[in-house]
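First the structure, in the form of structure tokens, and then the observations on it.
By written order: A, B and C. Residues from 1 in each chain.
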Amino acid sequence: MTRRLTLAQAAFGIVGALMVASSSTQAADPTTLTVYAAGTLAVPFRQVSALFTQKYPNVTVQAQFGGSVMMAKRITDLHQDSDLLAVADYNVIPKYMFAGPAHATWYAGFARNAITFVYTEKSKYANEINSDNWYKILSRPGVEIGRSNPDTDPSGYQTVQMLNLAEKLYNAPGLEQKVLANAPLTNMRDTETALISALQLGQIDYLAIYRSDALQHHLKFIDLPAKINLSDPAQSAYYLTGTAHTKNGDLAGKPIVYAVTMVNGSKNAEMAENYVALLLGPQGQAVMKTNGFGEFNPAYAVHVDAMPAALKKLVEPWPGS
Amino acid sequence: MSASLAVEALTLTLGAFRLNQIDFALARGEILVILGPNGAGKSVTLETIAGFHRPDSGRVLIGGSEVTALPPERRNIGFVVQNFGLFPHLTVAQNVAIARRSDRAIAVPDSTFPAHGDPAALLSYFGVAHLAKRMPAALSPGEKQRVALARALASVPDVFLFDEPFSALDADMREQLREELNTFLRALAIPAILVTHDRGDAIALADKIMVLRDGAVVQSGAATEVFRKPISSFVARFVGVENVLPGRIVETTENGISIEVGKQIVGAARGQSMPAGRPIVVSIHAEDVAVSLPEGERQKSAINRFAGRVTAMRRAGALVTIAIDCGFPLRAFLLGPQVREMGLDVGSGVAVQIAPEAVHIMAD
Amino acid sequence: MWLPPATPSYPGALYLACWFAGGVLLAFLVLPLVALALTQSGASLAGVARMVDVRDAIVLSLEAAFLSAAAAAVVGVPLAYALARTAFPGKGIVAALVDLPLAVPHTVAGIALLLVFGRQGVLGEPLQTFVGLKFWGTIAGVVVAMLFVSAPYTVNAARIGFEAVDPQLEKIARTLGLNPWRTFMRITLPLARRSIMTGVTLTYARSISEFGAVVILVYYPMTAPVKIYELFLRFGLEQSAAAAVLLLIVSLSLFVLLRTLAQRGGVPQENR
């Protein structure tokens, strides 16, 4: 069975590499840095890459974006070569990259985000909704809400966790169930960004999405209380009481922290390290802030001892670890 | 007997092509052959009669009733094309049975003929009943023709239309099928139009001939009329007149007309009125030229008797075509034995005799 | 009936080159699929076949693809006939328009369809209000997305099939008393049948495999490609490969069956 799998993985790897149609030739090419990152990091990372290329003109940065889990699996299952991995949920790295033959040994949280709902002027009750009554309006029948799949995408389960917390905060039993009733399976996608066009075309009225996306796409959004929108690591203990039931198990709420790590065995370790340094430093933080992400000053990191010396200076151990 | 098919002043524009004032009538039992070079409009005429083109003006009448406004399926025509057009995905029996029949019957002299269009009976009549379950691809050309006719008859047509049915066949097959078709058409006395560019078809089948050129009728009439009295050198050459010669009218008397042809004066019978001095064209069939040795017996009159020399001989089976220079080029026919008997060869001296009635005068 | 000989009497370089090139292409197409199939055992396939959601996804794909192929046949065949037989101004443009979906990126196609058939779409809104027909998250949406990307195959194949039917045969049928409709049904259509079936089968195949346009309109209920992708995200290579191979086996059997049915009752070609 093992032999078959190896053959299959080799074959699938060839096919996968061909079908993804990405030029992943960086392993052999010393001047190309490959970065895999979550879709929501697309805009800020392009800006960071531009800054990086100004600093290191002989390096080309090739970034690919997709669902955090998908990008991690490309490294672990499809054996595609990447130098860096940045995810929307810091848990993805230890879950997929630390396990089995370790593809990474540390990670650093470098940006924060919040769950929110975006809408347009075409949305139902658009001129009524605000930060206080949002849960009542979203519970009304006939309101169509979009969200991403909690089984495959972090923002999916984070949305459910947030609703779970909201039910407790507002003391409104049935809130989670009523809102989710307006966000049935038919309104679900693998990533929330796939639903933006549906929102703009009026197919859905509200979309559960990150605050950074709301600002980047210039969409109206609702400011949810920090106690439920998973944006504040200081509220971690409270967040844990919010639960999402998924096919991967029951997931407890955690703050939305974007984490980055260097992939083991990368042939561009030095350049990768430089990139992370830029990202965690003041310039990187400024870019994240401009794009609507919450900043970290300094970044939190897990397994600090495993990090390269230059990066250790930029981080603090993760509170509570 | 009222005409079974009449076409009146039919005019049609098809892209760059124009069909102009086509006019003719066909009675029961008559066969019309439409003759002409490629592009003359023969098929277009046929298709218009069949109903595939709507004419700009004019009428088509079949069986006495006007059909100009009717679609093909309501016109009661039988249509046979080159390669016979059998439906390749149906058996012979299915091909014949597909026709839509009404309660009509064909009035036909032959009482054994299945006049109501019964498919099985038609197959028997044409002797192809044993082929009922075969596919068209497995049939010989003769068998295909019979099946195509049976099929056309199954729809009980008032008139038959044939569009170059023998074009794709070799000479022997062509002759054989032509004969069969002739026999069958005469037996049934259904009026038919046959479109062809082969004059052999016209010779074998035609009661009437209509010669078309560039969309217009050049000559139309009884077959013998068109053959013996072509209206122009175009028609003459098309119907196969071997001798088409330019000439000039010298004088017209009550006895006949004198024509200068080459170095000779040829006499034509009177009755063809032409002003003197006019340049004309003379048409003489080769079979009307009598060839004899110069010392041969004197003819009753010396009119149109010329001395000449054989310039070429061409043998086609038993028939020999002799080219003679007798003051103008002339072609004549002789049979092989005659040639041998007279001991003719290229360069031999001969005397030719042409009856004045065989000299036909044309304007151009 | 003349057929070319199995081996030419004097095989030359051209003959060998054809076989070589053909072999290379066949290997290129078959090797990845065979390699994929070999990753599975009977047990792994049985395991994934036991999953209700995998079975449901495959069944949904087959059903929706069938509806898509049927729709393509119903509206595409008449269009193909018109393109084959009539000349009208702008015919070239219409023919090019038919091929347009092949060049449109699938995601773009999905968004465009959502624009028209969505809740506020120019067709979607009245259809939802008056007929109760929804395309978002329904099999109707799947069919619409499938049809958009795969209809050209039916139209093009049918058109070629109709063009190969001698117009003389249709004319003769008319003179035998068959009106245009009957002529089409009894002469033209049977003679073009093989080509049409080939086109419809291609449409069916293309419909089953469509992902990008479908997933914009319908994520749930999941078609097989969407399900396979979801399995990959959740579990990784093994399970998604198993589901993929299962889909391949089902699809392949179906196509072989369809192709065999299409070949039957074809018309022998005669040498003119």
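The definition used in the following text is that a residue touches a chain if its C-beta (ideal position, glycine included) is under 8 Å from a C-beta of that chain, and two chains touch if they have at least 3 such contacts.
Just so we're clear, the structure is a prediction, and the values are computed from it rather than from any experiment.
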Request  = Pick the chain whose C-alpha centre of mass, unweighted, sits closest to the average of all protein C-alpha coordinates shown.
outcome  = C
Key: From chain C, the most remote chain by mean C-alpha position   = B
Ask   = What are the two chains with the most C-beta pairs touching?
value = A-C
Ask   = So what's the Cα centroid distance for chain A and chain B, whole Å?
value = 89
Request  = Give, as an integer number of Å, the spacing between the C-alpha centres of chain C and chain A.
outcome  = 38
Query = Between chain B and chain C, what's the gap in Å when you average each chain's C-alpha atoms?
reply = 54
Note = The answer for chain B against chain C in the complex is residues 47, 50-52, 71-73, 75, 77-79, 81, 83, 85, 87-89, 98-101, 135-137, 151-152, 154-155, 157, 161, 168
Key: Residue ranges of chain C touching chain A (in the complex, touch as defined)   = 32, 35-36, 38-39, 41, 111, 114-115, 118-121, 136-138, 215-216, 218-221, 229-230, 232-234, 236-238, 241
Message = Under the stated contact criterion, what part of chain A meets chain C in this complex?
response = 1, 4-5, 7-9, 11-12, 14-15, 67, 69-70, 73, 76-78, 122, 144, 149, 151-152, 184-190, 194, 197-198, 201-204, 247-248
Ask   = Within the complex, which stretch of chain C touches chain B?
value = 1, 166, 168-169, 171-180, 186-187, 190-191, 267-270, 272
